[in-house]
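Two complexes come next, and they have one chain in common, chain A, joined by chain B in the first and chain C in the second.
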Partner chain A sequence: MERLDRKLGIFSALPLGVILLVCFLAPLLVVAAFSVMPERVFDLKHIPDFSAYSVFFQQGYYKSLFWSLGMALISTVVLFLVCWPLAFGMAKVFGKFSLVLTIAVVMSLFVSENIRLFGWVLTLMKGGLFEGYLRSITGYGFDSPLYDTPIIIFGLVYVYLPFMLFPLAQGISMVPDDARQAAADLGATRWQILRQIDLPLAAPGILVGSLLSFVLAAGAVAESKILGGQSIIVIADDIESAFTFGQNWPLGAALSMVLILIIGVFAIFGVSRIDLDAIMGRKR
Partner chain B sequence: MQSSKTTRIALLVYGIVVIGFLYLPLISVAFASISKARYLSFPIKQYSTKWYGTALQSDTVLELLMTSLKVAIIVTVISMIVGFFGALAFARYQWRYRTLFQKLILLPIFFPQTVLGLALLMWFNAIGIIPSWHTAVVAHLVWIAPIATLIVAIRAYSFDPALEEAARDMGASTTTIMREITLPLLMPGLVSAGLFAFLLSWGNFPLSLFTTGADSTLPEWLYAKMVSGYSPLVPTLGVMSVFGSFLIILIALCLSWMVRSIRDSRASQNL
Partner chain C sequence: MEMQPILSLKNVVKNYGDFTAVRGIDLDITEGEFFTIVGPSGSGKSTMIRMLVGMEDVSSGEIKLRNNRIDQTPANLRPTCMVFQSLALFPHMSVGQNIEFPLKLRKENPANRKQRALELLDLLRLPASYYNKRISQCSGGEKQRVALARALAFDPEILFFDEPLSALDYRLRKTLDKELKDLHDRTGKTFVYITHSLEEAMVMSDRIAIMKEGEFEQIATADEIYGKPVSRFVAEFMGEVNLFSVEGTKSEGLQGNGIEIHVNGNATELGVSLKKGEKAALMVRPEYVRFLQSTETSDFVVRGILQAEFALGSRIQYEVTISTGKTLTVEKLREDRFSGEIGSDVTLGFDTHHVHLIRGE
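Presenting the complex of A and B:
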């Protein structure tokens, strides 16, 4: 039985394994190889000189990296604060309404993110849904908040909300009600229950949610392009222009490598710490 | 612990506000799509559906829709097959590298999609494949097949391996077990995985951006128009794309409801 299990396991892992090997790991190696090539070459038959990495430091590309990471960090913190009460409601309070909420949130994921961001442009622009109607009713308009840093962070919070919400709700649902009840009976205040029961016991969910939102936000580009109107250049944007306008693949590859390494450290740290069997509900 | 009534109501209101917040931009897009003016400005003075007519008659739009549809359908079929086996390896069989496999699957989901698209572009270039919508299928698969696998895996966790063992004890071969027991049991998971795969591929933009070559999908076209100059067709096509997705969800829900009710009525006849 065990031998058969082992054989079937390897056999069934094969299709996905091959796809990921050929179309995920192999391309990453190609990126790594390109990143050490001399400037503006389009194949790998050159002597590596690592010049693209020195450009990263000389020409201020680290600034866009800092912007990306900084905005990702802020949006992750905001997301945590925004999602916690809702996730708590979904896990402990709502009952049937959490199903409605889940479906509504998941459905929004199926709409292309650039359509949703474009919707915010229409809502917030001068002469948009808010300003236009406000002006026609009261006669007073306001300056559009678009094309600035806070609106980009707003966009990140908006787009990545589900990626924080669901892991958090899953994490909070793993907090036993008895523990909260016991703490309350022993005279703990709400704040103490939150700090000493909820937060530590929901930690796996918090970890997964925060990592997911941070990592996705750090590599995001549409928010700064559509809502930010390129008032801020993020690292993914730099990578894109190096490939398109710059026609400098090694530079783009080197910038990608820096981003991949940073994200990779976070992702591997997070992934190695979570027990998928426990989270996804193994019954055995 | 019973939370007080005020907390309950406050949280409920908060939940409704968040849902509103998620869908507000779509309402703006919907309004914009029925504005008659070429250059949009609220409040809308004249409503008309003429941009829908224009969109439906346009060959470009038809081509965009067909490309998006082709990619999404192929991605769905492959994701379902790969997800079926992947989920068994993920959740059901005990084999040596199972935990490693579980973690490998998560990596593409964590990965920035634009960079993944670019990496694939370089990879295709290095092995001499010219990008077209075929390569976009591959790019979508790298991200969507793992998600499909996770969805089927949730289902695979909940089934009892004793069912398979019983069949084996009675002499069924591995393929018979797969066909007669494993597949029907995982079917609900497979259907939702297929639905997710289709919708995620249909709406995906960052992966398509660099991997479609000369072809273009609907989200790509919308993005190009958003970044460089406005076209009154952008909100119209946006709404059409959203309607397409919601229609498919609706059809899927109806079908699953029908299948369930037919099965229930059969079961009651057999009693």
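Presenting the complex of A and C:
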């Protein structure tokens, strides 16, 4: 019976396995292969020379990588701080209202990211929704906050909010109420309960949320392009340019590989630390 | 000299909107006492204990600990502690860290903390090697002891228990309630215990309060509650009981309400006399009811038909239907097993000094 179960397991995993192999692993291998090719070639029939990687260091692409990782880090921290109270409310306080909140947040995903970001541009630009009205009414205007680093981070926080909020709420709902009450009963203040009970017990949710937002933000390009007006060039921007304007596939592939490697390390480290089964509520 | 109560409640009320969960409780608990509140679910006993530890506000009334009002003090500032029904151990901490948690909050230095944790492990008869164990590695009974150790760690004035044994299996419960009694004797602390099982309460408690619909029906020792309940509710709460509705006839007499009871003795021997027409219930516990041989007699005699026999381990339980259709329960020790056949006529008897009269309907 157990053997049959295992066989059926393999068979039912087969379709998804094939899809992952063809659509996920294969392109990754192609990118990896291109990354070691000499510059400006369009096929893989060359002797690997790793020259694209040396360009990465010589031409300052590491700067855009730092911008990407730095802004991803900051936006992840901001997201955590913004989402914690909201997620706590959804998991422990709001009751039925949290469903309304969930629907509201999910609804925002129905509209394309770029359209939403352009919406912000129209709202925030000089002469836009805010500044324009303010100036026509009071006669005083202000400079647009657009095209600067903080607004890009705002964009990242805005776009990736659901990816932090929902895992966090899930994580907080895993903190047993009686453990919090017991801690209070034993003399813990609210702050001590937060630090010693809530944060450690919600850690899987925190980790998943942070990982998702960080990984997505590190690869994000629309926020810096649309809200930042390319005042900052992020790594994803460089990769795109290398493949398109640059017509330098090996360089684009090498930049991708560096990003994939860094994010891969974070992701594997993160996932190895958490019990995904516990989060998904599966019994082992 | 009357001892100053350690915990004193005056007219404590808890309302949830229109619903009153606790209706004006007055109570004094003596220092060092093992006090148990027993009641069915929905009786208000959980609300009661949550108010006592500070997890629930009182709607009105006052709670005093050693003559200081504490009803407005938040739970984390009260010098009392509760063992939860779920135990509420912290799964991300080791056994040692769990026990030390309240000490760490109080900024106790690590060496003292560890020493205290090891003392407590010893007090609860857990080996010192458990200090580094994970909570998930402990069995149900061991978790129970860790929760107790954690609750005792900061030397609380009173230890509260919210049905901590109800999640465990029957055999473990039997051992642990005796252990708890033993722990109470050894620590000399005041224990306030909540349970729905009067049986459990009887094993451990100095005094028991029976709670019903937000009020105490009776506060007394286990023996008194068992032998002299003040109401039908209390009588029926503790296991099997036979109740006859009776009514006073003359100043000295009793008459069964349509039940064939021959009162041979004088009703005043019961210690109560009923006025004419006053209603009451005559209670006799199953173990005091005898099967009478034709030559024997007793103060009360009832005839009926033996319906069923159940073996309850050391005791045998019989069901006898009497003429009114009411079923009486009789219990005998296994060695005194009754040999009558199912369906046969039997005569039951019991004596005045084994019955108790409960006034009221």
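In the analysis below, the second predicted complex is superposed on the first by the 282 of 284 C-alpha atoms of A that agree within 3 Å, B and C clash if a C-alpha of one lies under 4 Å from a C-alpha of the other, contacts with A are read in each partner's own complex, and residues count from 1 in each chain.
Keep in mind that, in the parts below, a contact is a pair of C-beta atoms (placed from the backbone, for glycine too) under 8 Å apart; a residue touches a chain by one contact, two chains touch by 3 or more.
Small disclaimer: the values here were computed from a predicted structure and weren't measured.
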After the match on chain A, would you call chain B and chain C a fit or a clash? fit
With both complexes overlaid on chain A, does A:188 touch chain B (first), chain C (second), both or neither? second
Can you tell me whether chain B or chain C touches more residues on chain A? B
Could you look at A:142 and tell me whether it touches chain B, chain C, both or neither (first, second, both, neither)? neither
Look at A:176 in the shared chain and tell me whether it touches chain B only, chain C only, both, or neither; answer first, second, both or neither. second
Check the residue A:107 against both partner chains and state whether it touches chain B (first), chain C (second), both, or neither. first
With the two complexes superposed on chain A, say which partner A:201 touches: chain B (first), chain C (second), both, or neither. second
Contact-wise, after the overlay, does A:252 reach chain B, chain C, both or neither (first, second, both, neither)? first
Classify the contacts of A:218 with the two partner chains as first (chain B alone), second (chain C alone), both, or neither. first
Overlay on shared chain A, then closest C-alpha pair between chain B and chain C (Å): 7
Contact residues of chain A, present in both the chain B and the chain C interface: 181, 184
With touch defined as at the start, can you tell me which chain C residues reach chain A in the complex? 53-55, 74-77, 81-82, 84-86, 88-92, 101-102, 105-106, 150-151, 153-154
Chain A contacts chain C in the complex at 176, 178-179, 181-189, 192, 196-197, 200-201, 203
Mind pulling up the chain B residues that touch chain A in the complex? 1, 3, 7-8, 11-12, 14-15, 18-19, 21-29, 31-32, 40-43, 81-83, 85-86, 88-89, 91, 93-99, 101-108, 110-116, 118-123, 125-126, 138-139, 141-142, 145-146, 149-150, 153-154, 157-158, 161, 165, 174, 199-200, 202-206, 210, 218-219, 222-223, 226-227, 234-235, 238, 241-242, 245-246, 249
Chain A residues within the chain B interface of the complex: 1-2, 4-6, 8-17, 19-20, 23-24, 26-28, 30-31, 34, 42-44, 82, 85-86, 88-90, 92-94, 97, 101, 104-105, 107-123, 127-129, 131-133, 136, 158, 161, 177, 180-181, 184, 211-212, 215-216, 218-222, 225-226, 236, 239-240, 243, 249, 252-253, 256, 259-260, 263, 267-268, 270-272, 276-277, 280-284
